[in-house]
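Contents: one structure, followed by commentary.
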Amino acid sequence: MSNRVAVFRKEHFNAAHRLHNPAWSDEKNFSVFGKCNNPNYHGHNYDLIVKVVGEPDPQTGYLIDLKMLSDLVKENVLQKFDHKNLNLDTAEFKDLNPTAENIAIVIYNILREKINKKFDLQIRLYETERNFVEYPAN
Amino acid sequence: MSNRVAVFRKEHFNAAHRLHNPAWSDEKNFSVFGKCNNPNYHGHNYDLIVKVVGEPDPQTGYLIDLKMLSDLVKENVLQKFDHKNLNLDTAEFKDLNPTAENIAIVIYNILREKINKKFDLQIRLYETERNFVEYPAN
Amino acid sequence: MSNRVAVFRKEHFNAAHRLHNPAWSDEKNFSVFGKCNNPNYHGHNYDLIVKVVGEPDPQTGYLIDLKMLSDLVKENVLQKFDHKNLNLDTAEFKDLNPTAENIAIVIYNILREKINKKFDLQIRLYETERNFVEYPAN
Amino acid sequence: MSNRVAVFRKEHFNAAHRLHNPAWSDEKNFSVFGKCNNPNYHGHNYDLIVKVVGEPDPQTGYLIDLKMLSDLVKENVLQKFDHKNLNLDTAEFKDLNPTAENIAIVIYNILREKINKKFDLQIRLYETERNFVEYPAN
Amino acid sequence: MSNRVAVFRKEHFNAAHRLHNPAWSDEKNFSVFGKCNNPNYHGHNYDLIVKVVGEPDPQTGYLIDLKMLSDLVKENVLQKFDHKNLNLDTAEFKDLNPTAENIAIVIYNILREKINKKFDLQIRLYETERNFVEYPAN
Amino acid sequence: MSNRVAVFRKEHFNAAHRLHNPAWSDEKNFSVFGKCNNPNYHGHNYDLIVKVVGEPDPQTGYLIDLKMLSDLVKENVLQKFDHKNLNLDTAEFKDLNPTAENIAIVIYNILREKINKKFDLQIRLYETERNFVEYPAN
């Protein structure tokens, strides 16, 4: 354990997606991805938790203003993905399979550009209450 | 309050949908349904709570076997809607807008056929944690 | 809808139980109750919600002091059932099958004696997050 | 059960309050309200669920647009109470004890003015996860 | 933080247990374990979260197929422990006290044999919403 | 990952607070802290999770008795902060801004004195369901 503080902000978005590898036959796609391969898409309520780690500012007692962090996530992540079809409506998943793992990595890469490098960053993404991922892993 | 017992079984399914009235122009659809009108669909994790009301069997102490109720919901509701595009993949929403209100009414009508008439039935459907509906209303 | 207020207090207890009708053969018990009939018992974290309905006192703005209601439930329900084997350790379920339906009815009858008759009372009992009951039903 | 649909919208606000009846002595206030009578206030994250009951519009499949309902609650309830001291900062609780029961009744009366009379309205308010109220009661 | 991804799958099971050290007197057992030492057992709804850490497969975008992980947990953990008396019905706890700590270690050891060694594994087990454990600890 | 176990205990308290730096003008305070700077305070239901890490005792199978840990938290943390105004009623926040980050650090320092040094300690504090902090960070 370090001597630093972590702050977390939870947001959510709703999206349609389909798991599919275009390099494979339909049969192989169905055998690997099952009902998640449905050609007409299905969808999820994604819960997103953004974790930022560092040292609080002694004047404010804040590590980072969570209102600003929330606005940053809304502008850079939710506006891209909320109420969208990830496969059809987004540049990020045109050629990348929108598994929870890949969505978390994409969101990490988007936010890593926007958040001061003195802070560490980690993404947790819930695809359902029972299936979720974290990137980078502890 | 009656002298009867209610039992509840919670299930869930994931689906894509789009809110759209084909009798309207695209402009009117967008002005009424906003981002829920996205032509490429979006999606949700739907939580479904089925409530059955009546008198328990004195020999078992059960109103209804919740394993049987769960199987009934899986066979008649989840197999139709889980990992589907409600607008494209289901007969029920070919000509009916898949709002939470209409999905709850459709599920009620499906299950009402399958559950003994001596029991009352009520459906609660969560589209998100913050938006949910009940049919019929108390 | 009436003009009255409902107040709710949530408590919980942990107990072992087994579903079994002593008038039946072992085979019949197993065919009806399945794994819930395990002779060595299994267990649950029960979540209990007590609903009391009536008119608030204009001097306090309280319908009933929820601290008093909580103490009443602890003394009369949790002390009987928490960390107990419902079949073996309680008088109430010596000859009554401890289904969720019956546990809710028993708790209702216990609390009905202790709570002023001017108030209506309703019990909701969660056996698991997905299986729950209410008595009396709305 | 009726033939109508209920829709629910969940919102939340954070506020400070103190339970106190100015007609009573300090001793009586403390004996009735205990630590909730702390002169310097304490606070809660209030979860508010607004239930609206009626018949859906056949053209939209909506009972009421939940985005509009959410905006209505934000403008008329959250702007008044969020991040406020209920006793000191609000006209509603200048002379009314801000118990959960009274807060629910006040919110009901505010929203009843703003929502079409053809719809029934009910308020559920969580003061904590374990203490909550409903007005009017079923 | 590493450059790897973690995936999580949540499952649950219901079981009876009793905390007891057979090397001690009844008095000592009761003084240490209190009501958890009840001779007739009590029970819990255990929530189990399995965390697997590694590098996703670039062809699927999956670290591990969560359906396969869920089946693995069902076959190797839930079939042993669900609706069982941990002290009486399982080989694992014949001579090992079924505390949450020990149950988590036992589940880790079972799954560690079944999951590819290139992946790290961690178990989180909720005995109640308020008491939970993790093994191995971060 | 180590070979050790972590145990977690969840508690909660309700408090009023105000974010304010007395070295700054009112304008600057409002521009930094916004509605959290309200002079008459607002409040929260704080959820507190205490994590203790170490090696379980082979005789009990416990890392630490969670009943004792809960009592320790109640006596040393909840008695200080529950139903209090953090700014006015507590010595800890007389000159320290009661942000979630600072509250977590204060609670860590209180409990670090009371818990055996052979154990590691970590605090997670939820100010709301969507805003939370951890100290020390992983």
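Every chain is named by a letter (A, B, C, D, E and F) in the order it is written, and numbering of its residues begins at 1.
Here is the rule we use: contacts are C-beta pairs under 8 Å (C-beta built on N, C-alpha and C of every residue); 3 or more make two chains touch, one makes a residue touch a chain.
Small disclaimer: the values here were computed from a predicted structure and weren't measured.
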| item | value |
| --- | --- |
| Any chain in contact with chain B as well as chain D | C |
| Equivalent of B-D within the choices D-F, A-E or C-E, defined by over half of its residue contact pairs recurring | A-E |
| Chain A onto chain E, rotation angle from CA fit, given as a multiple of 5 degrees | 120 |
| Whole-Å gap between the CA centroids of chain B and chain F | 41 |
| Mean-CA-position distance for chain D and chain C (Å) | 28 |
| For chain B, residues contacting two or more additional chains | 120, 129, 138 |
| Chain-chain contacts as defined at top | A-B, A-E, A-F, B-C, B-D, C-D, C-E, D-F, E-F |
| Interface residues, chain E side, partner chain C - complex | 12, 14-17, 35-36, 38, 40-45, 82-85, 88-89, 128-129 |
| Complex interface listing, chain A residues touching chain F | 1-11, 53, 56, 59-63, 65-67, 120, 138 |
| In the complex, chain A residues that touch chain E | 19, 21, 23, 32-34, 96-102, 104-105, 120, 122, 129-138 |
